[in-house]
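One structure, as structure tokens, below. Some questions next.
Naming follows writing order (A, B, C, D and E), and every chain is counted from residue 1.
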């Protein structure tokens, strides 16, 4: 039988074993430790880019395919602020938040609002939206890469085990640490907002039963708009922060989309804390596997693992109990 | 409420309905399946928009007001099918009432647990996990939390165990007496309706065909419209 | 020993919460068993466990002598167990007719469904069901546009069309008028002439109308069992379920 | 409401539908003699895309499984056929004069991998074109449909599959040709004589007609009714005795086979296959054809794929930012024509009740809980 | 800035193009992932066409247009989608009836259109350095062949940095093949490859690869990353604390454009091997840079790929001019025949289309990036190097000769001997 897919998988496994063997000999534990530490850098970015989606999808159940574009918009806001007002990157973060949140609010008002309760239509609409946003940004800023400057005080590395030659085998850059700090702070803030305030309770009520929430005196339109805008604003912050480490161009958001989705479903959409678990698991396993094998294979393996995980834990790692 | 005409899409379901409920009354809405009782309640809270006619509440015209404003003005709706917010805890479901009552507090008034002692055992469980009858009790309790002037209940005894049916009846009466809350119930159980309500309306094919005080609710009427 | 359905020491646990604790139940041919009990007693859960909807933690379910514990729902259904849910659970996007057609007894395999023909006999059966459930006028309407009570009827119609040898009904009369309730009672009785029926109800009037044997569930276990009179006079049952007034009306 | 009963239709001969279909077929049969060479091949390609959209409509429109992986099935079929055409290059056309494709030589392979070698033979290749995607789909289907995964999570799994497989194919350059894919393939010939573009057109037309007819026939039966019920509430129907997973796996696999064959025919036309058709972007494209055409209408997605292709071809002449127009068009369709282009047709023309009447109920979402 | 290109696509208005304009297809993506690169290729092409039509720049001596006829550009945007390259090239040839096409950047897009150009017997001018191994008689390759970019850079790196190289690249054919060639070259020189890593196209996360580099402690890194991966890599490289003094990067596809986008300070001290740099000191280049900035804005930079896109347009125009002046029709045969052996004083210096293999004689140069984003040219051949489409370390003696313009039969020739490096004689 010509089972192409299976055999190619087998052959890849074979390749895998082959590639793993020499690497395994050469692996130094110090280097692996360093990689694991730096994996935190990946985790930070995943967490940051996934957080907005955890709101728009996890909480509001909007299948938002334009999530990447809101990240992109955040990056462009930062670019504009730096370019025209010579702002420090840190200063641009609030603007990125407000800017993207505003656009998010407009999008909610004109598009999403008409589609509640119809998740698949939302998916298509947001896909259309992502094309439009990319197109518009390209018209305004051209297709060229844009340059965003990281603040100089965040350059350099936090290093451990510095040896006599002055180099340190274990080091992580301050900027990566900054990213994870921002991500964790935003996560904490968001969790407080959602679980600790009446606004959060209302948001959850609205997304679970819109009609009843109305009957209980909740201004659902305002809540919907606010929540969506907040999720978009978070994406914007992600864009602002990573713009200095990555590249800024109209299609940049696409890179983050699939990963953000994987993070959110791995962790489970029911609880915000799931996203931390999701990004940690995906980020670190990606880092370790990529170090032992290589990047593309690590990606394939991690994606396959996520598929298997969904198979056995359909709703992610953290779920709430449901009565069917 | 005056000349209310309501429909789903193109097809009208309610035709020129006019009725008035006085403050502090308990009224009961009767009628066969599908005559439009639920639709009427939904129109009052604003989930269905009338194509014609007007609704006023406490002297104010609310025909155009959005649902949440009506809720904040003191209309509480306990729908058919309970509509508990599934993944909020029982406590949070109750607290949702604060949105309508406008109270800031975080404490659930103890009278709620007097009315529904079962709830205090399940406060931290998710609302959606409760059994049907438990959810119904929660729904009524949540309605009370809204601090309403009028409660609209759609078949509140459906699926409730007999002893609690009595309790609900008592509770509604007490609420009505102690707090002066107006109550409007849709019911299929005539006995329940008879005991509870002072006034009744009977609906047939989207219109009110009979009305009066409960004493006037003769078997003849029941037979004619409810085919008992 | 020749019970159609027998449940032995059934335990159902929902992440720590014990919904059923060692329930035993036997249902015989052509018999109506009525289950009553407080809200949250585990009545629906019992039916769920029988049809394979809720996982059984321990214990056994036998149907016609064969163990069906934790079988998948479609297998249990194919063996002849029909189920009506507490809340109407019907196909809103389809017409009433199609809903009944789907439920119609017969092979439910892929090939059969592709080649199935709507014969006169089948049509006849469907109209028969529609008539018994007073849905003839709505036959070609989308279920979506029916009222709550009418959906209940569709749900009952589906069970009828399924023509199972044992019928499990979860609150069949909820939301029905008194007349309809009585009609349902008649239907159930007629079913019971050839089948076994398990009914969950809270409407004691109705229970009295149909009941032969009553089982009372409380906090996940059987509290009492017996005839209407026996149960109604049981102190504990009055305490946890019927309430004081019920006695007076019942008596 | 008359045409709401699916069962009735099969007993009576659908005269009107047959007439409309024959007219449609006739138009497509005449077109190649009217159109230029570009449109001939372009239309062939769009018909294949249309067929792919129809196959997705079976699983999405009818059964409610939204898949971004249909490009994957299409491409797997495409690779099977590309290996066949590549291995049958004339010796002169093969750069390295050996029995091994050029890209394998560049990547240091010396012998043809055993799992590719049999594809040199036409019957095996033909079988593989259908069987490989079908088998792949079956394995995945078995894996996910027999579990509790549902709704949007299945969609996300398909997203992950498309993404992972793209990366995988790109990274296995020695076997798959990497990003370039398999290029410089021979053209399809029939007993030694090359099939001309017009011949290919008619083969594709026949295949498209076959897929449409088969899908229509399937969905008209009780089987179609079951699929639609699964779409609305798959749990309930299990209690009526239907093995939901079996149905889902069946339609999923069948649809993958259809998509695979379309991919197989695509390669002789396009003369290359590459991971670009595996990627999420292409998968999304297929989803959009179905959405714009109208879910559950079969012919709608087919027409949408053709119209959208033509639209894009000519929009490019107006502005380079044509995809912006496509995006806006998509938004407009979703917002103002939620049931797709087919829903714009007057009721009379809705292909014999293939389009389901979806009335959006103001209280639909909350009522579906059990 | 951006000229007319971004807003209006399709054909130019026929009005100001005089009678009987020559239709030429321009096929670059101006949207999607690869637009970052291809947009500037389109810009450079537009500049050249503009100069040809108006008789300015290098075309000054030839008067307006080509023997009186102007170029009408038919612009398509395949949106970074290989499928659309294939489809749109068909459309250009069959529906729009262009005489030839200027376009493509990635190997994948070239491969996807190759069957079209061969089947329809049309012509593509392809301006990009690539992996070689190809010899179509329907393509003129005006970017570097392996021997014009790799062959000089590896010995340079070996001598100046050390024997241990760490090779990285985007995961597709060009980087892999070119790294394979480079590896063979390095081993031939006595060096050794201590790591070989590929990242998916478009990846912007390089922490793993950087850590592997740190662990392997090479003397230099050879980078074949492309597109938006480049700025991300250089930034994260520096961010991880590796300086150009520690481990310099020798790159092929990293050009002025990417340097500007990443911020020049990240690339300062690293190297690129290319045929052209904006800092090349020729009068032609001065004019080119000036004219480009004038048309597209003072903040824009030029780079090697753009220069190739620019110079190939002149090859095409010169060939058309020759054909027309010889009284011939413009079609694939006449243009192909006339393009063979064309010479042109390009910004990088005098270049020529090799009549045998349709690749181009180009200069080989190595630049070291400065803080201002410009390169110090640290190595340059004296004249343009003759192209060989097959790496001689891997395929010894293999080259490609099209025996006569219209003979499209198998052009590959196994000479069986070492091919000497040859230079363009002036």
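Definition applied: a contact is a pair of C-beta atoms (placed from the backbone, for glycine too) under 8 Å apart; a residue touches a chain by one contact, two chains touch by 3 or more.
What you are looking at is a predicted structure, and each value in this text was computed from that prediction instead of being measured.
Moving only between chains that touch, what is the shortest number of steps from subunit B to subunit E?
Contact-graph shortest path, subunit B to subunit E, evaluates to 2.
Work out which chains are contact partners of both subunit A and subunit E.
Common contact partners of subunit A and subunit E, which must touch each of the two, are D.
Select the chain at the greatest separation from subunit B, using centres from the mean of Cα atoms.
If we average the C-alpha coordinates per chain, E ends up farthest from subunit B.
If you average the Cα atoms of subunit C and of subunit E to get two centres, how far apart are those centres in Å?
The computed centroid separation for subunit C versus subunit E comes out at 75 Å.
Using mean C-alpha positions as chain centres, tell me how far subunit A is from subunit B in Å, no decimals.
It comes to 45 Å between the two C-alpha centres.
Between subunit A and subunit C, tell me the centre distance in angstrom, where each centre is the average of that chain's C-alpha atoms.
47
Could you list which residues of subunit A touch at least two other chains?
135, 138-139, 209, 211-212, 294, 296, 299, 321, 324
List, in ascending order, every residue of subunit D touching at least 2 other chains.
Correct list: 167, 170-171, 235, 321, 323, 359, 361, 363-364, 366-367, 369-370.
Subunit C: which residues touch two or more other chains?
14, 53, 86-87, 145
Note which residues of subunit A are touching subunit E in the complex, please.
These residues of subunit A touch subunit E: 28, 31, 34-35, 38-39, 41-42, 45, 134-135, 138-139, 142-147, 149-150, 155-157, 159, 169, 171, 173, 175-176, 244-247, 249-252, 254-255, 287, 290-291, 294-296, 298-299.
Taking the touch rule as given, give the residues of subunit D at its contact with subunit E in the complex, in rising order.
36-39, 41-42, 45, 92, 95, 102-103, 106-108, 167, 170-171, 173, 177-181, 183-185, 270-272, 274, 276-277, 281-282, 313, 316-323
Residue numbers of subunit C touching subunit D in their complex, please.
51, 53, 72-75, 77-78, 82-83, 85-87, 89-95, 97-98, 101-103, 108-110, 112-118, 122, 140-142, 144-145, 158, 162
Which residues of subunit D touch subunit C in their complex?
So the residues of subunit D in touch with subunit C come to 1-2, 4-8, 10-11, 218, 221-223, 225-226, 228-229, 231-233, 235-244, 246-247, 250, 356-359, 361, 364, 367-370.
Going by the contact rule at the top, pick out the subunit B residues touching subunit C in the complex.
For this pair, the touching residues of subunit B are 8, 11, 32-35, 38, 80-81, 118, 129-134, 136-137, 155, 158-167, 188-191, 226-228.
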